[in-house]
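Structure record follows, encoded as structure tokens.
Letters A, B and C name the chains as they come in the text, with residue numbers starting at 1 for each one.
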């Protein structure tokens, strides 16, 4: 009897494991006939990471379809090792193009070289990789550093007497985190009116709860800050909850300035309501640009308009609560 | 230390909050003797044994313990230390690991390193089991053995430890006569080898069958030490109880005249369970009957089938002439049937719960979860039965597990009496209980029957059953082999029926 | 006399949490009295709220306290713990949000309906755990490991979106404060759940049943108690607790993050049960102990925050303090303390006798 239970348990476990498998792979079936489809492998981050990522994944899924002439395989994995594994899989499977949004900026040289040797063209999207520019064909990215610079410049334009900042970082080591953090930390190092009161990270999943804890810790410790610089919208929201609970006002007429990134629709609505002050845009829509470049290559032409790093930079803005309009929300809001 | 003495305990004192469990007790054990330790429940026997074997919480407050071959006072602060100085114990309740094999149980905690070959100790275990004639395989899981065999394995384990002092605490309470005799042979063997044996039991006959000397305790104090031939049985009982034996004699007369009414309270036809074969059975109002037979004859399994304690597989049951379905204990309870199980510790008490909660449990279940008994009412009920059954407890909130065996049994009895059952099944209610309480319970059974309750009474002691039952159902090999009433209710006739030599 | 003794034995079980709480309070009094200061402030929505470390503690610990109560019951009945409370909480939150979205706007009625649906689903998942434990007799930790590992994926399947937002004054009232009432709403949720359980124990004999099954299942069965039903009931109650905690968790941030909603709460809940002096092997239990355990854990966290310990490092510091609390409550230390007391008492009794 006991053995039977053990067996049953094992079966249940196997089923459970199969059901909760780590990566979501959706392979499309080989084309039955007609014109040859272009085989692409797309490596992205987990869509459940944030609203930004969700929009990004959806954008790619909608673009690289059979109707549009592609045979695409999607892998979404939250960590670098899983992503590298997927890339090797694509090389073995003999795809023609690989599209990557990297979890970490380093560690890709070897795999990209293998791809190059196999004649596979690589496009980077959303996030840059630190490697020789010959290893990829083109990169469609947001300039994260520019996002950071825009945000810091906006902050500076407020001309405050002192800048006491609660800095909530994203996934440490990611291009978005580095790009958004560096201009701020550099500014704080250079200008003595600018201080970072407390710094913390939302971790690999840009976790609002972690941000909430950091804010609570700062409030519990009696630290004073007048600016919250959160590197995505969810984490900014996490901080706002802590402020509300502690009876600290924020937003346009409040004591604390709230800054977020990504331009989720709901976040822009907070801006419009005056609860937040600033939201930095980061466009998740890179699929069309890549699609255009691939089609150009397939037609035997050269890609044009790349900068010296083989990049195409997405146009991006920063929104101020005082100037934002409903039209902006409808046009640029995610979700 | 004098020659020929293995163990002396002098001036042992041990107190618990509110109770002086042992007061200035002396005890001497000589080489090669079987020394019976006697006393009623709460007399301090178990406490003395626990002090001697280093059970935690039972470190003596005062006094000295000396053991042959050890300079000065023996330090016994843990069971391991007790084993090291040569004291081995077999407890009343089995303290082995049910999910290990017999061999593992015999050698657990005794091997020198982790690298012991299973084959080696299984071989050794097989030898010992064969020598002692214990019907168990070394590789068998202990829980698959009967209670009796489990007890014998415990003894085998102790015997194999080359001890100087062997303590047997109620070793025979779950053994049948044959097994008891085998154990006695073993005890005599060990005695010849010079082992001193402390024998704690409630069976007076067994004391006289095997012991050389008797030490009697009462209320935590020493009454005296006697040679067996100088202490007639009657005097022993008197010393233990501190009162005369008239009570027992009186009981004898009551039992004889006890009769039964006409109404059939419970009737079963072809009732069977996963553990027992189909049988017919009925009991009338005010009747006291009993199932008897050797251990393993199926007597407990039969009454468990009646109560729905095991999976019921068939049979037609009528309660007061009305057909009913009894497939689980709750059904039986709703039909006014109560059951005091054989294994008090495993099936009876809820050890950590208070005396009060243990007493009201069955009544509460009958009333249903949505109609809780109020605290005040529960107190009143519990108080009533604690007084009526003379349960010795510090308070109603004392966890029942800290009571002595006899008092635990009374608590379970109280639990069922509180439900006012029309039919009460008592499986070994007097097992491991002192003479005084035994008599009380027997008298209570007869009193309840006179008030109209039907009772089925099971006991390993045939005399006890003869004294209380007006009808005996005799079982052998899981089958009913005879029924005795009236003048046939004699020890000889029962033995004959059990043995299969009837008429 | 009886009552006194009863109270004394009850206190003994609560000795460790009481001492731990006492030490934390004294420590903070010495460190910085302002730790206990509470002030009134007006927050962004124009509500008057109480603010201060103490409020922060009782507010933040709410989900933990609620789940710890349910965990206490499961522990008592099954002699094991449900480690899937956090993951099933995420499922509950996902259902809540899904139903709210499906119903269109957020009104009091739709919130009630969504909560009812979420609770029903949560109870179903808990009954799955309960069935594995009570019917198939699988060890609770192993049985609940299944949902522990895949619950958050299920939550993602249900809402199919990363971080759906719920913006509504009603949601704010649940997760933060009700306008006009300065005490955070989650605190009332704890009181409500506690009151509910107290009433259940008052008007049924569930406590007796649960303890009996936890201490000696075989004996309980022979007394007509159905252990399977009792265990399932404990899982149902835990399900309700989890659902309430999920509602609070979602409402606090006004958004659902299936990855982080009630994350790691299972271990804290088990810890709260243990700190509260309840045996993790089942049997007798005290709900108030577990609730105290939850507040102690949170007070410890907040104290460490107040001492400027980085949230990243806080787990390590917490672990040290918790080891001390748990070891102090262990039988070995308890016995040592009792014998210490005992040695003193007879001496005192003697002197009294002489005089």
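In the analysis below, a residue touches a chain if its C-beta (ideal position, glycine included) is under 8 Å from a C-beta of that chain, and two chains touch if they have at least 3 such contacts.
Being a predicted model, the structure only gives us computed values, none of them experimental.
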item: Chain whose Cα mean lies nearest the overall Cα mean; value: C
item: Greatest separation from chain C - chain, by CA centre; value: B
item: Whole-Å separation of chain centres (CA-atom averages), chain A against chain C; value: 35
item: Length of the line joining the C-alpha centres of chain A and chain B, rounded to whole Å; value: 72
item: Chain centre separation (chain B, chain C; CA means) in Å; value: 43
item: Residue ranges of chain C in contact with chain B within the complex; value: 1-2, 5-6, 9, 202-206, 208-209, 211-212, 215-216, 218-226, 283-284, 335
item: Complex contact set, residues of chain C against chain A; value: 34, 39-45, 48-51, 53, 55-56, 59-60, 136-138, 142, 146, 149-150, 153, 156, 161-163, 165, 167, 172, 175-176, 184, 252-255, 257-261, 263, 302, 305-312, 314
item: Complex contacts: residues of chain B adjacent to chain C; value: 56-57, 307, 309, 328-330, 332-333, 339, 341, 346-353, 357, 360-362, 364-366, 369-373, 379, 395-397, 415
item: Contact set on chain A toward chain C in their complex; value: 5, 8-9, 12-13, 16-17, 19-20, 47-51, 53-54, 200-201, 205, 207-210, 212-214, 216-217, 219-222, 234, 237-238, 240-241, 243-251, 254, 264, 266, 269, 275
